[in-house]
Each structure stands twice: as structure tokens, then as C-alpha cells.
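See the structures that follow.
You will see two complexes here that share chain A, one where it goes with chain B and one where it goes with chain C.
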Partner chain A sequence: MTGRQRKQFWRAVHAALILVAMFVMLVPIVWIFLAAFKTHVDVYQLKLFFTPTLENFGIVFDDPYRLGQKLFNSTIVALVTVVIAIPIATLAAYSFSRFSMRGETMMLVIILATQFVPAVVIILPFFVMFRDIGLLDTRVGLILVNLAIVMPFAIWMIKGFIDGIPMDTEEAAMVDGSSRLQVIRNIVLPMAAPGLLTSGIFCFIIAWNEFLFALILTNKEAVTLPIGLALFKGEEGDLWNLLSAAGIIIMAPMFVLALMIRKYFVQGMTMGAVR
Partner chain B sequence: MRDNTLKYLLVLPAVVVVFATAIWPLIEAARLSFTVGRLNRPGSLEQYLGWENYTWAFLEEPAFWNSVWVTAVYTILTVGLTTIMALGLALLLAPGGRLRSSAQTLLILPFAMSPALIGVSFRFMFNPEFGLFDAFFGVLIPPLADVSWLADPNLAFAVVVMADVWGWIPFLTLVLIGGLASVPRDTVEAAQVDGASGWRVFRDITLPQLGPVLAVVIILKSIFSLKTFDQVFMLTNGGPGTATQTLSHYIYFNGMKYGQIGYSAAVAWLMVIPMIFLTYAYAKFVFRKN
Partner chain C sequence: MAEIKLNNLTKRWGDFVGVDDQSLHIKDREFLVLLGPSGCGKTTTMRMIAGLEDPTAGEIWIGDRMVNDDLPKDRDVAMVFQNYGLYPHMTIFENIAYPLRVRGVDKSEVKPRVEKAAEQVELTQFLDRKPKALSGGQRQRVALARAIVRTPKVFLMDEPLSNLDAKLRVTMRAELKHLSRELQITTVYVTHDQIEAMTLADRVAVMKHGVIQQLGTPDEIYNDPANLFVAGFIGSPAMNLINGSVRNGMFVTTGGTQLVKLDAADRAKAILGVRADDMQVHDAGQGDIDVTIYAFENTGESTLLTVQWGKQRVIARGDRHLRKDQDEVVGISLDPDHLYLFDPETEDRIRI
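Take a look at the complex of A and B:
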């Protein structure tokens, strides 16, 4: 082989390796997408070509599965969690970003650390408490505990965005007689808005996909989509065509949201350790 | 209002929420861990018995040690495999080009997928009759053609590890691509002009530069691996037997299925201890950046 041929050869190998990796990453997702459109006969065979059907999507919303109710619960729980978390996190993030406080590092580390506490530890006392005060199997209870996983991400992520906003405009407005709260409302919020939206979407995805809390705290009324997956176990095993249809309903909206915030994904997940 | 007061008022709501949703449960779990703590026995949540739950875990419960072992092996395997494969993929994608931008977009998708759903999808893929991966491995490695993956303790463990690695490679890859982009190009080029081989450039320049980013993702991945619950629950539910029972799953089972809240709180606290070290290490990296 000449030098040029060799170079071309390696370039082809390189591209082929990337394609193989992408293929492996996509296969389980694509397989679910295909299965959701298969009949209950086709799904139990290793078929690539089949006559697609939409009947599965009808069945999962009907009795006894009633996925619509779970969809509603998931939407409400994730949405309200975010609507509570983002404003609270924004105020804190602004303060952490602009002022120095006694015990600031300590507070930030504790907030970071709470994200790393195993969910199963947090849920034991909540289960006991909710049982005593009647919050088991309610959306309110679920929202309260979801705040635990969402808050640390929200605070750290928004702090990152506010850190990136230059302080000069704020200082100029203060010199002109604006109060600090006016500055936050009129200057910081508009400039941080895209960041707040990004953080909100990020937290929404996390709350939407949350599994352990919902598994332990709900059983009938407040069941969310990921727990709803457990419904599709029939007498003779898993009902794969229905599971897949439900799977699409769970993941498709999140795919759209994740693509919207893909530039900030790494920053959000690492809570500012990697930018 | 003066800034000096305001700054504390602004963080107050967040501190209250974090305290109520994370610190209080930790303290309450610690208290419960010293009680008899049976869900179905009223009053037992206030009935203290000292360290008995802890000594019970250590001395009388082989199932506890089994889940410690499972979690340890699981963490080492998933962290190691995910890091190595993500590093490989990041190096493949680092030069840029059309393939990379579409790959980067695709890599976002598994993050958007609920871990529970990843568990379901891998149970699907390894179904002995119509699972795609099952068929694939059967062709590739003929002795595996007729096995039922999830019924065999070791193979079920392998599937759980694969599902985890599959779900986490994208995130680590994206982080490492970012890390690779910050390796100074002139240093690499200078070394290449001096005749250094690709491997030497990687070992002596790229890897040391990547060090801190690599450390961050390894710590982060270790934390998430130690906590693993969702996929395991959906994929194998800890089985067959207790072959894939992680600590989180063990705690869940004792607390929720058997109603032994006190005992499971004790085990849960034993699990918090390694987390404290990992979080400390992680915090050091975060604050070095700022």
C-alpha cells in the first residue's frame, strides 16, 4: 500500500468504527420503536419486516391499563416539581453567585452532597411519615420528594448560568438607584431566562424518569409512567408490544426535550465540575 | 434592604427545601436504624435496641454480604468498562467532522431514557426466543446460542452490567470529548513532528491532560453505580436468586417487602459512608474549578 492508500484505509476503518458504535447505541431504542408497531403475534418473532399497526397505542390507553392517567400524573408531578424548584433555586443561585457568605462553601458542598445520597435512604423516613399523615399514593407527596433530587441540579446549574452574566449592568443600575430586587427582576432574570429554561427542562427530564420514589410511594392513584411499565405483565409473561408502546410514550417527549438542551447536558450532569 | 441581610434571605428557601428533603431524612433514617422498626408493629419505630441492626447485618446476614459483593463487583466492572469504552469512542470522535456531530446528537438519547425503561429494553433484547442481542451473541459465540441469559446467575449479572454500560457510555463520551478538545493542539503536533508514535502521544500528552476530567467522570460514575436500582429492578429484580441484588435493591426489599424499616435504614446508612468519601473527592474537583 502506498502512503495515501494507507491513509484512506485507516480513514475508512475509523468511520466504520464510529458507525458500529452508533449502531450498538441505537439498536435497543430502535427495537422498541419497531416492537410498538407490531401485532402481538409479530412481536414474539425476530422479524425486521412486518405490517405495522397502531392498535397497541389504543390498547395501552384503554382499560385495564389506562396509561392516560399515568401520563397525566407524570406530567403534573414533573411540571409542579420544576415550577417549585426553579424559582427557589434561582434566588439561591443568584446569592451564591454574587455574594460571599459565611459558610457558603459548606452550603454548596452540602447541596452537592444531597444529590449523591442514595434515593433508597431518603425514601424510608418519607414512607413512614407519608403513611402517618395520609400522603401515600398522592401526587403532592411525590412532588415533595422529587424536590430532593431536582434541587441540587437546579441550584448548581443556574449558578453556572448566572456566573456567566457580567456584573457591570447590574452595578450601573444600582448606581442609578435601583434596588437589588429590582436588579434581579429587571436585569438578571431576562438575561438568565434561557439558562433557567434549560435548567427547567433538565430537571423535568429527571423528575419524569424518576422511578424508586414512585415505586415505593404510589400504588394506584398517583402511579407515574415508569411504574406503569410494570402493568404489562400478563399471565404468560411480558406483553412486549404494549410495553414498547408505553416505552415510546415515556421516552419520545424526553428525546425532544433532551435535544433542545443538548449543549448544556454535560454541564448539568456534572454540576459544574466540567464545562 | 441591605445586601447583607438579603443574601441570606435569598438562599433561605433553598436551604429549607434541601434540609427538609435530604438532611432530615438522613437524620431520621439514622434514628430509625437504632429501632426495632417494623412497619406492621405500631410503636416499634420508637423502640430502641442500640447497634443491633448493624451487628445483625454484619454477623447474621449472608444476604447483606452478598449484596455488598454484588454492588462492589458491579461498580468496578461498570466504572471500568464504561470509562474505557467511552474513552475509545471519544478518541474516535475527537477529530470532528460530519459523523461526529450526528453522533453527538444521538448520544444524548440514552440520557433521556428512564433507567427503568433501559432495564425493560434489555430484558427484551436478551429474551431467549425473540431477543435481538440474544440472537446476535448466539451467532457470534455458538455455546451461548441456547442459553437463557436471565436465568443464569453469571449471565444475568453480565446483562445487568451491559445495560448499565450501554446507558452511561454516551454521557461519559460527551464529557471526554469536551476534555479532549482542551488538550493543546500545538503540543500534540510538536510531538508528532518529533516522530512520537500515536500511542506515545496518547500516553504522555493526552492522558495526563485529560487526568482531571477523567477523575471527575470516574468519581461520578462510581456514585451512580453504587446507587443502582432502577434497571436491576426492571431487568432481573435481583435474581436469579440474589445473583444481581445490589445494596439499593436489598434495602428496598427488606424495608418495603418485609417491612423491616429499622434494619434497612441501618444498611442504608452503611451505604452512605462510601458516598461521603466520594462526594468529598468530587467536591474538591468542583471547587478547584471555581
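Take a look at the complex of A and C:
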């Protein structure tokens, strides 16, 4: 092979591998997309061409499924989690990044370590505690659980972004006459904004997709979308078309957020120093 | 208007001493230059004055107030950072305006003052840009403008001209000199550049390893160095330092050449210092000593002759019309009124 041919060969291999990876990842999603618009009859056939229908989306919002309420629960839980988590995590991350305190590394490691505890291990204590204080099957309860899940992650991620802001910039602002809070408001927050947004989106995704805790800790009032999926088991077996329609409703915000992340993540990474 | 007093100021990190028990009294309206090699503690000293670094020991006074426990914002200083410290998310205008805004200066006053400061550093056409879209030199001028937009008690400038090209540096140097005479604000100015130090300073403090070696007017520092370090550090080219001894009122080089008459007591080891400008170049045989030219350099405004002097090399400055070539022999004579003698052990100056 000449050098040119070799180059073309590897380029072809490269492209093929990407295609295979894409195929593996996308097939289930494509399947769901198709199924969501099929009728109950069509869904068991692997047809690519069929008369699409929107009726599935109507059914899932009607009795007895009432997906609307679950959508509402999911939205509230995920949004409130983010709105509480990001400001607190930002302050914590700023302190970790800028002040040195006794046992700082230890604390950071412990915070990270909580991420490695398998959820099933702590779910029972949560259940018992929530039962005792009446938080079972409430949105407040779910928000608390989600906060516990996303906080460590958010602190670490935001700390990374704040570490990237040069100390000089903050010091200049202090000499120029800012208090610490003014430094945070005028300098750190605007400079870390893409990072905060990225972290917020990640937290939202985690909370939105959270399944295990919601499964155990809710049963009627506070049920979220992922749990709602389990409803589509009828006497006649799984209702794949309805399941798929609900799946799309769960995934839709993820697609939008993924696009946003792509834009801000890059920006967040490159928004470094001006030297 | 304020004087700055540093009393027994020390900064240590663990065992490492950044600034070692230094006292310095900077007068009201004085322009003090901190000069010294890289890592000698210039920036550290300045950061302690600004309140960005807590001293390990000692007191810092600005005016009649001890500011050790004051936050940077309450010390009323303006600082130009060595690496600018600009606000990347703000336009140049907002950058320069920030000290005014955060201190609550009246809105109507901000614009004219920012524009005036921008004009003084020739930045007027960049006001709408972000720092990212400026060159290094332009960013440095933004940092400068941000400092002069206010009238603080003290200016702190950490190598504010280091990234400008040669021509702009000269212009800005003159601009700074003019500005400092006009504003009459106490200034601490850090630089590596001797010409900056000589031209701008009322007084210069030469530092090494966290210790001030000499504090004096540019004239004193140049013409009356306190020790070997200052003598070797100040001047371009640096002062020639020749090893030898003093015997019977003569300085004798290590090679044994009887060089020049000296009114000093005998000592087995001594270092003779002489500036390139204090040596005259003659034809061979006409000076105190004949030497071979190792390198001949023409800088345009003068000529520099590096000559081999036994085992040492020495630089003499010649007339700008002088033309010599490598390996030629010339005569050199030393100006007996401008010779310096140092003790090689203590590195102290021996007065003659």
C-alpha cells in the first residue's frame, strides 16, 4: 500500500468504528422513537414504514396513567434540586478553592467518597427516617434525597471551574475596592457562569433520571416519570407503544440539555485566564 | 497623600524566607523603586503593602494608620499586577471603570474619567473590546489605566512596562514620570529595568534574597554602591570587578599586574570595581596597561570593548567613532577618582 492508500484505509476503519458505535448506542433510541408513533397492533412488528399516530401521547396523559402529574413531579423535583444545589455548591466550592482550612483535603475526599456508596445500602435508612418524619411519598422528600445525590458532584465540578479563575483577577478586584462578596458577585460568578450552567444541567439530568430512591420512597402522590414507566404493564403484557411515548417525554428535555451542554461545556472549559 | 512605613517586615513560607526583617520608610509623594533579581521578594513586599499577603511578622503603616489588619479594599491603594489581573468578562471600558463603580463614584463622573485614563495610555480605540482581543502590551496598559483612573493614597506597580515594546516603553516611561510628578502620589514601583529605575525613582531600594542591600537616590546607588552586589547589579554594562590584592598602595591583579595606585591599606584579597565609562581607551602603550581586544561591539551611541585582562575579561566603553578589531592591542587607563574596592569575603565596600 502506498502512504496515501494507507491513510485512506485507516480513515475508512475510523469511520466504520464510529458507525458501529453509533449504531449500538442509537438503535434502542430509534426503536423507541418508532414505537411511540405506532399503534398497539404495529408495535410488535419491526416495521420501518407505518402510518404514524399521535394517539399514544394522548393515552398516557389520560386515566389511568395520568402521566401529567408525574411530569409535574419530576419537573418540580429536578428544578428545585438544581435551584437549591447550585448556589450552595458554589459557595462551598469557592471556599474549598480559595481558602485553606484545616482538614480541607479530608473533607473533599469524604464528600467524594459519599458518591461511591451504593444507593441500595442507604435506601433503607432513608425509608425509615422518611416514614418517621412523614416525608414518604412527598416531593420535599425526593428533593432532599436528590440534593444529597447531586451536591458532592456539583461541589467538585464547580470547584474545578473556580480553580480555573486566576487568583490575580480576584486580587485585582479586592485592591480595586471590592469586598469578598462583591468579588464573588462581580468577578467569580460571571466568569464561572458557563461552568455553573453546565453543573446545573448535569444536576438536573441526574435528578430527572433518578430511579431507585423514587421507586422506594414514593407510591402515589410524588411518583416521578421514571417510576411512571412501570405503569405500562397491562394484563396483556407490556404496552410498548405507551412505554415508548412516555420514554420520549422523559428523554425530550435531555436532548435539549445535551445540546446546551455541548455549547457551554466547551466555553466553560476554555474560559480561562487572560494573560 | 501618605507615607508608607514598613517596620521589621518578614514573610516566610515554612522555612523559606521571602522577605527578611526589612524596615523601609517611604516618604509622602515619593517614587520608590524596588530593584533586584528575579525571586528577591519585590512582588512579595508589594503584595504585603496591598494586603494580599499577610506578613509573618512586622508592621505596615500607610499614613498614620497601621494597616496590617485592614482588607485590601480599605487600604486605598491602586495596583498594577505583574500579570495584569484584568477582568476577562468585562470590556476595557468596564475594566478601567471597575474601581470607580465598586467604590460608588457618581455615574456621570465615571465616563469622563475612564476616557481620560484611556487617553493617557493610548487605549482610546480599544474601549469596547474584551481583554482577550488585546496584545500583551495593550493589556498591560489597561492595567495601568485601571490604576490611574482613581486617586488613591498609594500606587503599587509591579513591572508595569515589562511587556511593552522598546519604543512604547520609552514613551510610557516618560508618561509615567510626567504623571507621577503631576499626581504627586506615593508610588512603589518594581522593575528589573535599570533605566526605568534610574529615570523614575526618587529613591531606589536594591534587594537580594529578601534583604534590602542599599537604599538611596539613583545617583547614590550608581556612584556610591554599598557592596559588591549593588555594584555588580547596577549599570549596563555591569561594573567590572577585578580580583587581586592591595600591596604598598597599589592594586595588583591576581595575575600579578600592578594596575593602579590606591590609597588603601594592604590586604591579601580585594576586588577592584571600575565602570566601563570610567576607563579610557588609548592606543597601545599609552594607557596604564596594554590589553588585547576579545570582542569589539558598536552600539551606535558608543562602543564597547571586551578586553582580556590576564584571566579576566573587562568591558571598557569607547568613543562612538572608535573603530578597533578583535585581537588588536589597546591601552587602557582607569580614572583614579572613580574606583571602588570591595572585600571578597564580606562583599562589603572598603572606603578609599
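Assume the second predicted complex is superposed on the first by the 246 of 275 C-alpha atoms of A that agree within 3 Å, B and C clash if a C-alpha of one lies under 4 Å from a C-alpha of the other, contacts with A are read in each partner's own complex, and residues count from 1 in each chain.
Convention: contacts are C-beta pairs under 8 Å (C-beta built on N, C-alpha and C of every residue); 3 or more make two chains touch, one makes a residue touch a chain.
Fair warning: this is a prediction, and the values are worked out from it, not measured in the lab.
With chain A as the common reference for superposition, the partners chain B and chain C occupy compatible, non-clashing space. Once the two complexes are laid over each other on the shared chain, residue contacts for A:Val120 go to chain B alone; chain C is not touched. Contact with chain C, but none with chain B, is seen for A:Ile187 once the two complexes are overlaid on the shared chain.
When the two complexes are overlaid on their common chain A, residue A:Val43 makes contact with chain B while staying clear of chain C. Here the vertex is the CA centre of chain A, and the angle it makes with the centres of chain B and chain C is 100 degrees, a multiple of 10.
In the superposition on chain A, A:Met22 makes contact with chain B only, not with chain C. The larger set of touched chain A residues comes from B, when the choice is between chain B and chain C. Look at A:Met151: by the touch rule set out above, it reaches chain B but stays clear of chain C.
Shared-chain residue A:Ile250: touches chain B; no touch with chain C. With chain A fitted onto itself, chain B and chain C come no nearer than 8 Å, counting C-alpha atoms only. Residues 179, 271, 273-275 of chain A lie in contact with chain B in one complex and with chain C in the other. Interface residues of chain B, counted against chain A in their complex, comprise 1, 3, 6-8, 10-11, 13-15, 17-18, 21-26, 28-29, 32, 39, 45, 89, 92-93, 95, 99-100, 102-118, 120-125, 127, 129-130, 132-133, 135, 166, 169-171, 174-175, 178-179, 213, 216-217, 220, 223, 226-227, 229-230, 233-234, 247-248, 251-252, 255-256, 261, 264-265, 268-269, 271-272, 275-276, 278-279, 282-283, 285-287, 289-290. Of all residues in chain C, those touching chain A in their complex are 50-52, 71-73, 75, 77-79, 81, 83-89, 98-99, 102-103, 131-132, 136, 139, 143, 146, 156. Taken together, the chain A residues at the contact with chain C in this complex read 166, 168-169, 171-179, 182, 186-187, 190-191, 271, 273-275. On the side of chain A, the complex with chain B involves touching residues 14-15, 17-19, 21-22, 24-29, 31-32, 35, 43-46, 85, 88-89, 91-92, 94-96, 98-99, 101, 105, 107-114, 116-129, 144-145, 147-148, 151-152, 155, 179-181, 205, 208-209, 211-212, 215-216, 225-227, 229-230, 238, 240, 243-244, 247, 250-251, 254-255, 257-259, 262, 265-266, 269-275.
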